[in-house]
Amino acid sequence: MRSPILGYLDTVIEETAHISAGDVAGYIPELAAADPDRVAIALCTVNGTVYSSGDVDHRFSIQSMSKPFAYALAIEDHGLGAVLDNVGVEPSGEAFNELSLDPETGKPRNPMINAGAIATHALLKSDEESSVERMLKLFSQLTGRQIDIEEAVAASELGAGDRNLGLAHLLRAAGALAQEPGPAVEGYIRQCAASVTVRDLALMAATLANAGVQPETGEQVLRRQTTRQVLSVMASCGMYDAAGDWLSTVGIPAKSGVAGGIIGVLPGQIGVVVFSPRLDPHGNSARGIEMMKRLSEDLGLHLMDTGRPARSSLRETRTVIVEGQPATIYVLQGDLVLSSIESLVHEIIEHPPQTDLIIFDMSRVDEVHAVARRTSSDMATKLVEEGHQIILIDPDETVTDFQDSQGRPVERWSPHRLEQATEGPER
Amino acid sequence: MRSPILGYLDTVIEETAHISAGDVAGYIPELAAADPDRVAIALCTVNGTVYSSGDVDHRFSIQSMSKPFAYALAIEDHGLGAVLDNVGVEPSGEAFNELSLDPETGKPRNPMINAGAIATHALLKSDEESSVERMLKLFSQLTGRQIDIEEAVAASELGAGDRNLGLAHLLRAAGALAQEPGPAVEGYIRQCAASVTVRDLALMAATLANAGVQPETGEQVLRRQTTRQVLSVMASCGMYDAAGDWLSTVGIPAKSGVAGGIIGVLPGQIGVVVFSPRLDPHGNSARGIEMMKRLSEDLGLHLMDTGRPARSSLRETRTVIVEGQPATIYVLQGDLVLSSIESLVHEIIEHPPQTDLIIFDMSRVDEVHAVARRTSSDMATKLVEEGHQIILIDPDETVTDFQDSQGRPVERWSPHRLEQATEGPER
Amino acid sequence: MRSPILGYLDTVIEETAHISAGDVAGYIPELAAADPDRVAIALCTVNGTVYSSGDVDHRFSIQSMSKPFAYALAIEDHGLGAVLDNVGVEPSGEAFNELSLDPETGKPRNPMINAGAIATHALLKSDEESSVERMLKLFSQLTGRQIDIEEAVAASELGAGDRNLGLAHLLRAAGALAQEPGPAVEGYIRQCAASVTVRDLALMAATLANAGVQPETGEQVLRRQTTRQVLSVMASCGMYDAAGDWLSTVGIPAKSGVAGGIIGVLPGQIGVVVFSPRLDPHGNSARGIEMMKRLSEDLGLHLMDTGRPARSSLRETRTVIVEGQPATIYVLQGDLVLSSIESLVHEIIEHPPQTDLIIFDMSRVDEVHAVARRTSSDMATKLVEEGHQIILIDPDETVTDFQDSQGRPVERWSPHRLEQATEGPER
Amino acid sequence: MRSPILGYLDTVIEETAHISAGDVAGYIPELAAADPDRVAIALCTVNGTVYSSGDVDHRFSIQSMSKPFAYALAIEDHGLGAVLDNVGVEPSGEAFNELSLDPETGKPRNPMINAGAIATHALLKSDEESSVERMLKLFSQLTGRQIDIEEAVAASELGAGDRNLGLAHLLRAAGALAQEPGPAVEGYIRQCAASVTVRDLALMAATLANAGVQPETGEQVLRRQTTRQVLSVMASCGMYDAAGDWLSTVGIPAKSGVAGGIIGVLPGQIGVVVFSPRLDPHGNSARGIEMMKRLSEDLGLHLMDTGRPARSSLRETRTVIVEGQPATIYVLQGDLVLSSIESLVHEIIEHPPQTDLIIFDMSRVDEVHAVARRTSSDMATKLVEEGHQIILIDPDETVTDFQDSQGRPVERWSPHRLEQATEGPER
């Protein structure tokens, strides 16, 4: 059975086929020669499932879609504070190629405009490997295959690099460029010439959606905090001078590239990528924007309207006999975040357990946020104080610091031991 | 047992007590006389549970925190398109009292700045009730109690209304004000003088978080689409000229008021409100911002880092004997959105059901998004084509248009009938 | 004999008759009803000779051409410093109806934009007479006839006054308006509705050119320092957002009005006025600009290219026998400014007088600038020190403080006495 | 006898000696090492007389004061239209080192900011000599001595040239730079490193004041139209972001350099130069500005207040017997411009000559503007039509095209012939 999601993607491509507005980028021959009718879509879930349609194997240069990832790497290299000292996070309200140095600080306004992206590239550490090699290595980790540079594109861009060189010299003059202008611009231009497919980009986007964990390999490529920052900046500064319109209409943190790609990320859920080379006057793919709007609307991907998560971490409450003693088992699931742990706490307070023995079964729990750890620890302490005995089933050790008020760790059983000990539901 | 969440809120208040920077608003006596040491926090989940700490019953004027709700009411009155024809959605990049009319369109840039808020108020229908009465009625629906105006505040603001009158006249001159300047400003000023507590605001915020459904009453006060738009604009334009910094640091769509309140909304999860009258130079509560940062960080409320929802809508798959026939039961749960329904579809494709009879138990499903309806309908059609028989358990009629390829509705059973018919797990 | 200058003006009107671009101002019926083909030119020299051609008796509203004169009156009322405290002098670089309050000071940028003109009008003293009566009185002094208001224009403008009211309220809010917004706007609008002809305006302009002295009546209507400031602001801010282009192309400090007039002033020489109601997109008379360009080019009126003045104040040097004694007579003429007095001093130093007796004949001197007074006084002192005797012929007492190094005033003769005493040229 | 003007200049230096605000430019060692207490003033009249005081032989780099002259040379090379196609004339309203490309045209706003000055230098023809050699040659023509480059300054500036290189690359990217960025910036920097004294600069300024004629050599170094354009741009754009304040307070078209010089030009009269290395926050010499204010005020150099020229071109009217026939002799003088010729025409119309024979004695006329030529020719034609006979005394051939209505040239006599023929005053 072919997934209905694939059929849906085919439909989006078909139903946007009439959009022929705009022109392919014309400032270098390699982009000008692009086939304007190429089109592709790819989605990748945080579980690593990729759905794609159209010219899924067509390679094109990543261009400005590389900016969020260079920003991520700079944060990994130096920490967020040091990067913020060099590049701001405010929307520029201006076209993509404006200077946009903050008049007070001299810093580029954000890392999604060229000035900020050049300053960001120049921050990348390059002790053992060059900054470009490091970017290619990152792209390769994110996509799971070796990513290379389209040398013809890079060479052409270098030949037409006056604007970027201008920005770099001005940054240097303002003390906001960590390298010499020439090498910084060359590195930035090569970063932008990395050759990718929509599938590659979907995996890259899904890694951002998945808090830095590449969903196919499970590798933590970027730190959770890093991806949060990158997504925030994509949300406020990613789509140039119509940030408010994009956020309200499409509602997906995104970044476009002048070769025709747009990469979008719905945090915690999915990476979305579209490709079509004809650009609107803002330099964004005209048909790509339309496809993104369709995807957002049809798939419910709007950041402000993504549906409530399953209401509770509490999958099930059962009362059983364990080793001859009545016990209340709370089976938890999913990520324990505020809204889910709050439901659990609320339930326990409203309907206090009637047994001395309480078992928290966390076998199905994926991840425990700090707030959930603290809150559930507080609650456990109080339950112990009220005379309850607590047993934790936590084979993945998602919580490691549960302890009672005397500081003693709570008792831990394996799922197997619980199964063995359970004598059946209480009658 | 007192909820540990309450204890946490106490801690936030204690640990920000040292922040005494800033001054209470001084432009009218009523605000200047505010006790600068008042402080309060309130949270309200989409389930309607309120947690609050500090001066929870202290009343203050809602001020600019009324703007998102007036914007919502204007959209309900006229539809989004008509409102967008009058007021934009782009961040102004300027202080709250700037003119900020778009030089090309003459429209105010967004409804969160004063010019846009006056234009928005002027759009409100006022056939039977005045626009101010309608705002109070909306506030009352959102908070579950009668909301009134602080008349002394309104009178003082009217006396100091030159800037707002100036904006209103300029809007009128630009053809961007649907009323006479005088009444428009008076209505807007009275809207801003509504008297509220942090608990009131928390319920108002939670209604936005809950897609327009007031979580205590269950009433659909605002349409889902309306709240999505309101939250988008709060995200990009809510915190004045540091939108990018707020979004990356705090990550909660928000709006502040000059009396010291800040209202934040994490879509699908929670409303968050803080109050402290001392303002920073931008006109935002200084301690309030600090409390919001703490809450965001500690409670994991950042929009770009809210944890993945429970991965699947699929609560359980069981094989049972139903009326003598082996059947696969898929028990679904929560909101069916793309990421959850995708997991279900993926599961069925990877592990096709081995029985002819398939039962989808949707008793625990809350809401079904369009994408889930379409995708599951496609899948159901394919299963029928492959020879399966489908029974739907859907007591709340969350899906009403399931049908097979001949257009015949699928068979529906009540949960009771399923229970009766089930002879036990297959052995 | 008809003056060839009149013939020239006829030619300018004929040769610009083809210019039909632009539209008459349409925002009030009174302006919209203007006959677009009306056209007139008037020049007035600093001697009071008026040359005019076309619809010279046609009356129209003065509109923004009133601004320089209200600015002048405010300076007369309060002194320049106090006016500068309220209204700046920098070009706004923006269209005529923009807010243009200086972001740092809150002051309007200059008195030629509406915000600045309203603030300026509000500064006018109005103890015994209203500010509007005072403006009309000033206009009457400048034109030599009773100037009245076109009441229909004033009434219409008041009905369409939202933009000006908006500006006035914003000025008031910024502490930059000395009156209530309503009366200030009404006064300003009435000032702009004064009814004038090109001849009236030419006299007004010539008074500015003539250092504040109305050339027909000889009355010092405005102080010299005041006109200097007014002309400076007209030069840098008079023609809205193309100040640089106007200054380099036309080179005449100027101000236009929306009824179709343009008033220009070449300091020390001439007032120039053109009228044609069709406006270009900037709100300036389209044909009027063309006529001004022609006049500037053909008549050599460019501020940066007005020819060198007669090179010397020294009309003649004669050696005569006066009362039996050889004497050198220096006959001076014109205004004694730096460049002219410098020539005199240079001459005396290079060719020292060979007689003991030196006579300065100042009968033909018009005005003596401070620098000339100081310089010539220094020179006289030195001549006395070198043993010369000085006699001053100065019937108009243009210099009153000539004295020798002992502080004794120099000897003064009447022209008659000199004539009587002169025995003929030295042989 | 020492000229009292020199004494005055000494006084200005003494009385501004207390001004020690500001710092010498610090961005390169050569400027940072400047002796901050150096000070000098020089004036040069259009007759070539130089007055100077202070460190008159001290050499410093011309810096931005070279910009007006490079602009002049570009206009000479290509004509004004072609230069305007590349560089605008509008004030930038921004600091001296801002980009200031016009957002619509991509051109630099004016030739006085760095971007415009680089673009201007790049326009200079360099077929046989380099653009720098041509600038040095121009400087040498203007000053009457060989001007060279301070090589240490040029080298240092090149090493600190990131901002200028940035501007140049951006100009190149916008299609607004006629050379490669590197050579353009190097040329511009070398132009700015020319080594000059205040005396040199005073001669340069006086040439601009004198309509392009170097007053010592009498050489027409620049065309009259060129100097008019240069002075216009200095007036509106010369003093950076306070153009309006400078024009109203000082009223002298001017340009400052970062080494501490300020050059000012009063058209038709004088060049004024001050020097003091300490700079205010705008990059202008702090004491220099104060000295310019003093000079403007004391010497009456304000463009809007320079005194009326000698009122008439008519030096004298005499009735004599010439070759037995009564004749009216009109003795003209000075430059014949509108205001002077108008007086003559006015006189003739009001008091028509009573003799058939009319003699215009133009021996003392300096220059005849187009308007005077046309007007006097018209008048001559009419006089001939009325039966008069005209004789022209015009040894310098200031007018060459006088003719009667049949197109016959008027009769011309030498002054000597007139003297011989004159039989004495009519009795």
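A, B, C and D label the chains in the order they appear, each numbered from 1.
Definition applied: a residue touches a chain if its C-beta (ideal position, glycine included) is under 8 Å from a C-beta of that chain, and two chains touch if they have at least 3 such contacts.
Please read these numbers as outputs of a predicted model, since none were measured by experiment.
> Between subunit A and subunit C, how many steps is the shortest route if every step has to go to a touching chain?
Between subunit A and subunit C, the shortest chain-hopping route counts 2.
> Would you kindly say which chain has the C-alpha centre located farthest from the C-alpha centre of subunit D?
The most distant chain relative to subunit D turns out to be B.
> Using Cα averages as centroids, what's the distance between subunit B and subunit C in whole Å?
From the centre of subunit B to the centre of subunit C is 64 Å.
> Could you put a whole-Å number on the gap between the CA centroids of subunit B and subunit D?
Roughly 68 Å separates the two chain centres.
> Measure off the straight-line distance from the CA centroid of subunit A to the CA centroid of subunit B, and report it in whole Å.
Computed value for the inter-centroid distance: 23 Å.
> Where in subunit A do residues touch two or more other chains at once?
Residues of subunit A touching two or more partner chains: there are none.
> Could you run through all the chain pairs that touch each other?
Every touching chain pair, ordered by label, is A-B, A-D, B-C, C-D.
> Would you tell me which residues of subunit A are touching subunit B in their complex?
1, 3-5, 7-8, 45-47, 49, 88-91, 93, 110, 210-211, 224-225, 227-229, 231-233, 235-237, 242-245, 247-248, 251, 253, 267-270, 298-311, 315, 333-339, 342-343, 345-346, 348-349, 352, 366-367, 369-371, 374-375, 378-379, 382-383, 386
> For the complex, give me every residue of subunit B touching subunit C.
Against subunit C, the touching part of subunit B is residues 99, 162-163, 165-173, 181.
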